[in-house]
């Protein structure tokens, strides 16, 4: 396997070197972390009604988009700052940390003030101005892989954040773009063990964007656990058929509960029986 | 997910429709099947010395290439018919069924007479003359996915074999070609559950070609089990550093033994605890 | 640019080293060569009615498929040997050399006896048994690039043919497979000058398969001339809407006549004015 | 070919609908426009010494990067605002309009005050906050295609700019990312005629990033002219071997002069003889 000589900060300096990121009571990188929630924050009602059963199912972190990166300018662009406030209130009410994506350097500060984790989306993975800005914050950053980013390019983006002084980066594979369109994207599962071998950073899988298909979320979640991932990010909506974005790939809280239970069992089995 | 209307034979006709392929005592598609062995049959000594510890480790089927599809005409092209005889003798001596790749329509008959399973390699996935020929044999066919074949194209190739009268097709994902070259190929793990949902055929993962990296074979094997695969095909050589082909991705029998033990445990756990 | 050290025969040994392939009166590699004709030979009537206006338009070589490589086993598979005879008769009657694809090692000899150039299609680019077989014939070979073949892999396939003793290989780019499906394939135009710099072999562009779109054939043909290609292969059918294969990308002889006239003018201009 | 129904502003409303963008005396979209200059503005000396022979060679617009999007945080990041001033002074002194890339919404206003055209780079093609910001400026925008952007996604990004009120968008293909790494990227030449058929916007080719190889710039430039492009953007450095970025793909002014002369001749020939 290739060496990445110009990565000074994200590579392991010893076999056991591992970054554990504490967010509330959650320790990302130690244990298995479940992030779930709606693609977009659409209203307080929708966010709360989705988050409540997820809390009961045992998720660790709530996701919800407020600044939306949409292919077309005519698509729903998110609730913006109003959405930030909703997400913060719901998170506080249910005592769950929250994560949201930020798109614009000018929004980083206010977003950082409202959420527990800042997300950089695929389309902005190499938005270097934005990486530098989140690198100056004291909130962890969940960095999604770009659609056609090599592992080396992705790790260099983590390096941008680390280099600015923010040590808490979570890598999240959400499927790459390939010639096959049967699934929405192609999950490159081998990045999970590759990242665990090379770096000290936690790595997550997003099977919702990774497959675009509700039927594939459970098997790909279990596959991610087998590969050694540190967590999963899954889109859930209390009424998937009414979602304002990514309607086709969302699952409902009941289906999610079945998945999280299997994921927890398998994760425990691997930690206790396969070491 | 898309419908594939012109696939008359390989799609499921009911939720429980499943093809079980019996090869000796092995029932492919029921239980978890481990295929292992050298990339190439190089000599009787090398084949036997590799196969013996694999037999002890509990593999189900022995692999070994005798007609080699090599990028350059100046690379080792395999032992041909002499290799077929070696493979057959070693298989009989150790009482393990054997599988080898066939490249030329003119070699199908003699190969079929020596081995238990015929393999169609990635580069010949759409060699339709060859597909028709193996479709006329009474031996099962392990059909590898082409490097840039869509799921639809791959299933159509299975359909070519089924249409000629051979019902026993095993699909094997060995990684697709993408923009990223960190791993040799990119394992498209989501084809495993997709195939299980759509078709009645068993599906395997080949993490050796899929990653090209010995370090990634164990985690990707466990990941395949989590995804619901029916088996694994892994390259093992008793002296990897002396292999005449694919030297960099082969593991030795000792490492393999560690992997097969974990795979068996995890497969059993899923079958008993996660249903 | 990379070196390809294991290519002993297809690389240039001097700046002016260039293979000129004589087929009847046509000198491929010197002048600009136009190959055209139907995707499939469907009948003598259809082949003749398509070929006649093409002959008048000034094409150099007639194409027509008789052994068809089709994605589905239920699609039209070609007329086989009967088609070979039709193609040969029409070629003789109109005094045009003919080219057809061969799929099976067992068909190489009879095909070689009926046509002037043997074509290896994209799906068989790495069918090494077939490459070795056409390498033993005394007819030139038009070798299409595989859908996801690197330049290096493609040149190694030419090397397989040269190594067997057949020096007359024509390389034909027909579009590679990428993430974008707006066009059927993506013409990698830069292979034209790359091949001219590296090797002594002629290189063609197939804008029909390369784009899958009649509207794009003229501009991509002129683009190929600008890039330095030695020729074009274009699918023409006298009644495109009735074609049994590749109906959507065929143009009629009238449209083709407009294209060939512009191509000839531009090719002449470049040879006389831009040296 | 597909329809793009949600593109309200960038599609043609009639066969002759065409946007002509006036920048100084240059009319982009009418005539053939040559943009050239260094990858990065490194100093006033380097910028002037590169621009002077380019002016003499007859270029229309000078390029030069001041905010650099670099893979690694440890690479040269550009001179920033100081670079903007240098570029502006050199442009004024030589009476050539200038173009530079902008990376951050916070830099749009000052950049717009210094240059004639704003460039959005590949890595920021879907930086929607940035697109909205340049959509509010009164300067034309040169929008590069993302590395793995479909034509539809790219046109949607143009739509973002048009929707904000800026009608002057120039599309620039700079090569997409594919499996083959022989060239740095793969120029998808067929987007040129596709864009001309679908939209009213001018389209350019960047053969420097598109190939990464000085030897391929001339043939790919002529190929782009044949395909119907409206212009070319080429990286030139007065001492390529000393360039601080993209050293391997830059050509010197002398080589460039040979290319521009052939391009002008061929463009004139096509306009006068091939209509």
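Letters A, B, C and D mark the chains in the order given here, with residues in each chain numbered from 1 onward.
The working rule: contacts are C-beta pairs under 8 Å (C-beta built on N, C-alpha and C of every residue); 3 or more make two chains touch, one makes a residue touch a chain.
Note that the structure is predicted; figures quoted are calculated from it, not measured.
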Listed chain pair B-D, A-B or A-C that repeats interface C-D [over half of contact pairs the same by residue number]: A-B
Between A-B and A-D, the pair joined by more C-beta contacts: A-B
Chain centre separation (chain A, chain B; CA means) in Å: 34
Inter-centroid spacing, chain D versus chain A (mean Cα positions, whole Å): 34
Chain D, residues touching no fewer than two other chains: 148, 152, 177-179, 181
Contact set on chain D toward chain A in their complex: 6, 8, 69-74, 103-107, 123-124, 126-130, 147-148, 152-153, 156, 159-160, 163, 177
Chain A-touching residues of chain C, taken from the complex the two chains share: 148, 177-179, 181
Interface residues, chain B side, partner chain A - complex: 1-2, 148, 150-152, 176, 178-183, 186-194, 196-197, 210-211, 213, 215-216, 219-220, 222-228, 262, 265-266, 269-270, 273-274
